[in-house]
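Chain naming follows the written order as A, B, C and D, and within any one chain the residues start at number 1.
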């Protein structure tokens, strides 16, 4: 017990009796954690945006006029069972004609001549949950064209392709940036603590000369590193949560067509990961640097 | 002359006789500069992508069948004079019909009945250089509908709206991130150098006690800071330029629909800004921290 | 208790600080280490607590071969040996009392005992009034006395003092020497490197004289100079 | 040359280090500052070079009021005064030669002159062989001699030495004292804080005795103790 009390008070002393160094380290840690939180949040936001965009990917299956209702329903059930599919809608011949007329009414470049009967086929409109499966899915069904049920398969047009390219870049890029940021943040924090410990190598040496074991020397430094990490995390999270409200508001105004918002569950995850990273890196950085001095 | 030689050699000594500290600082500076270069490049890339995407924004004006050729040409000239417009194409009635037939051939959901004559109007297709002007521009022309020349104004559909939202977010966000990164990078570098100088406050004090003027104490530290900055910049730029080839290749593979590449001019700008930032911050950080110790 | 067998020490930069030193110090001995500046006194002391390793030869302290000892046992050796360092080696961010208490805390002592023993050691060297000063707030002699208090606070079996009176006035010096003599009388082995001829000549204890790293004289009841 | 008028020094933590000190030192004087550990000798020296400011009273060095001097002139004062600090204050990342040369370089000297004067000072204190060592590679006495060499290398008009022989053997001590006496004979004002009674008694110069921050004795041709 007393031992623990000693280690804690020694860590506190180390921090407070060297305020310039400790506060500079804490500030650096805060900034790196802010960056980390920022990218974690952006990455989540991007993933959500990618989800929204990808859910718009659609494939249309035209149904042979001679297909039986039971065949169509079986096809629908089969498609619905595919894990890449999020939703299937049946569009009757009448609905299709109505749509065409609506389009023609809105766009002057299509003029419908008098139509005898209904030349349009019925269709199944498939929304995919995973846009990257679109090609595989379309190809599979296209193989069935002419089999008596599916008359044709139409993929979404090229604009969606562009959307997908962008979202894919964003999401892969987001993960890459996140990984890079994580590495940079960790490294900078470790480096900062290493410099701070290095500046106190004389102290470490004296402690050893007076008979302190390695563990005895190491623990106060490790705790001090964790203290720096924790303080940094607390400051960073305070800033993040204070800024969250206004920023989300501004984003929602801005992103009317892509309404994304991250819930309280994410806030908790964010706080936990920032704190976890801070503690781990604070303790790890201090351990590494003290060890380097102890080994000698 | 000798004075300069002394300052230079003292700066070099300060760096090399304290290698752990100097290398840790240099490494931190390198990482922050890498981040800075990365965001500068990303920001440029995003701006280019936004340009590409925005150039796709189009507005179609349908021409009244009774309009005179001179009126149409006057309208075209007027539109071309608008600074938001990048290009105007005249599409004749025949070209429009041909297009409709092409679409009908590709899409089974449009069936063209026998057409008597050509019901399609001629049109002007306007490409905007500044997509944010699309609404203003469209509204202005829409006010002229029914005036004998313009039969109707059609904006691009909602998919382009989404594209625009994304690109706008990316470009505003890019600038915001760039500013934030710059701040963080500068601050971390200043902090690192401050810690390194703080660790040597005893040296500064001794120099002063032996009769060194403030300037005499300050200059070697400032130069040492610049040395750290320069080394960091050189390492960071080496990494950036070594990685540039492969990364650009991968990006081009990936971004087939958005071919963006940054030229040698940008490489020069990048190198200049990274080096400039490094020198400024190295010198500034050292000056600030030495001054803090001198003032006492 | 302490034995050096044919010990030489060459520092990495090439300086020979000790050459073929043979020395045997029995439990309870009181020995003065004398010699000109740079003769190797501090180096010899560093070898005893493995602050440095001998280049050749064997250093034995309390039955253990100091050079062959695994790193993980070094701190135990150092706890048995109280050292007053020539440059004091005080922890700059701990107060006088904390510096002294530190030597007790590292050995696992706690609470009241630490406080009591610390106060006892501080009053022995006359520093009770300075207990809450930081080293930078002490005079040279006060720093030296803090180092002395730390070295003896945990009643080590071996006490080594490297020039412990260099910053003390004669009166205080004599008080410290009387204190060390008393501690030696109670059985503690004492090694003291010093330039203080007056003290050496007055006490007439064993004198080991180093010159350029070699033992040139080893006398019972010796004088500072031959 | 040096005048203290009714000077008191109270450190921020409340310790009174000097009380109502009046002292006048003429150009070319040689004065010993004696007194027990903690009496205020080093504090008095710190006031002379404005390492600390007097709490009350006036300190005049070479005609200038040290306490009122603008910060930008302090370095000029310090160049006129060579100081051997009690804790040496060597630059850890400069070699012996570089440490000594530093005192010349700050005054704007350059090149060959710096090298020659540095070697002269090093040979005066007997450290030529150690010129390329770093302070951490020196014995205590060698560090002290480096500090002495640095203090006298630019032939200052005032030389202040705080316990300059604390880590030196008697022979080396006497050589240093003879050196300082010679320098004083050439006109340099000399202030030396010391605990070395033998030297004070042998030289019989002016002795200023401090006790708890007060001047209790000021004798021409004095002895270490009254």
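The definition used in the following text is that contacts are C-beta pairs under 8 Å (C-beta built on N, C-alpha and C of every residue); 3 or more make two chains touch, one makes a residue touch a chain.
For clarity, every value in this text was computed on a predicted model and none was experimentally measured.
Engineer: Going by the contact rule set out at the top, which chains touch both chain C and chain D?
Structural biologist: none
Engineer: Counting only C-beta pairs in contact, which chains form the busiest pair?
Structural biologist: By contact count, the leading interface is A-B.
Engineer: Farthest chain from chain B, going by mean C-alpha coordinates, please.
Structural biologist: C
Engineer: Centroid from C-alpha atoms only, then distance chain B to chain C, rounded to Å. What do you get?
Structural biologist: One centre to the other, that is 66 Å.
Engineer: As a quick test, compute the distance in whole Å between the mean CA positions of chain A and chain C.
Structural biologist: So the centroids are 62 Å from each other.
Engineer: Roughly how far is chain B from chain D, centre to centre by C-alpha average, rounded to an integer in Å?
Structural biologist: Each chain reduced to its C-alpha mean, chain B and chain D end up 62 Å apart.
Engineer: Two-or-more-chain contact residues of chain D, please, as numbers and ranges.
Structural biologist: There are none in chain D.
Engineer: Return the residues of chain A touching two or more other chains; collapse runs of consecutive numbers into ranges.
Structural biologist: Residues: none.
Engineer: Chain contact topology under the given definition, line, ring, star, complete or other?
Structural biologist: ring
Engineer: Give the pairs of chains that touch; include all such pairs.
Structural biologist: Contacting pairs: A-B, A-C, B-D, C-D.
Engineer: Which of the residues in chain B come into contact with chain D in the complex?
Structural biologist: Interface residues on chain B, with respect to chain D: 2-3, 6, 13-14, 17-18, 202-203, 206-214, 216.
Engineer: In the complex, go through chain D and note every residue touching chain C.
Structural biologist: It comes out as residues 11, 13, 15, 34-38, 41-43, 86-87, 130, 133, 137, 139-142, 144-145, 162-163, 166-173, 195, 197-198, 224.
Engineer: Please give the residue numbers of chain C that touch chain A in the complex, ascending.
Structural biologist: Interface residues on chain C, with respect to chain A: 49, 51, 72, 74-76, 78-79, 83, 85, 89-94, 102-103, 105-108, 110-111, 150.
Engineer: Across the complex, what residues on chain A touch chain B?
Structural biologist: Per the touch definition, chain A meets chain B at residues 20-21, 24-25, 27-28, 31-32, 34-35, 38, 42, 49, 53, 60, 62, 96, 100, 107-115, 119-121, 123, 151-152, 154, 159-163, 165-166, 168-169, 172, 180-181, 184, 187-188, 191-192, 194-196, 198-199, 254-258.
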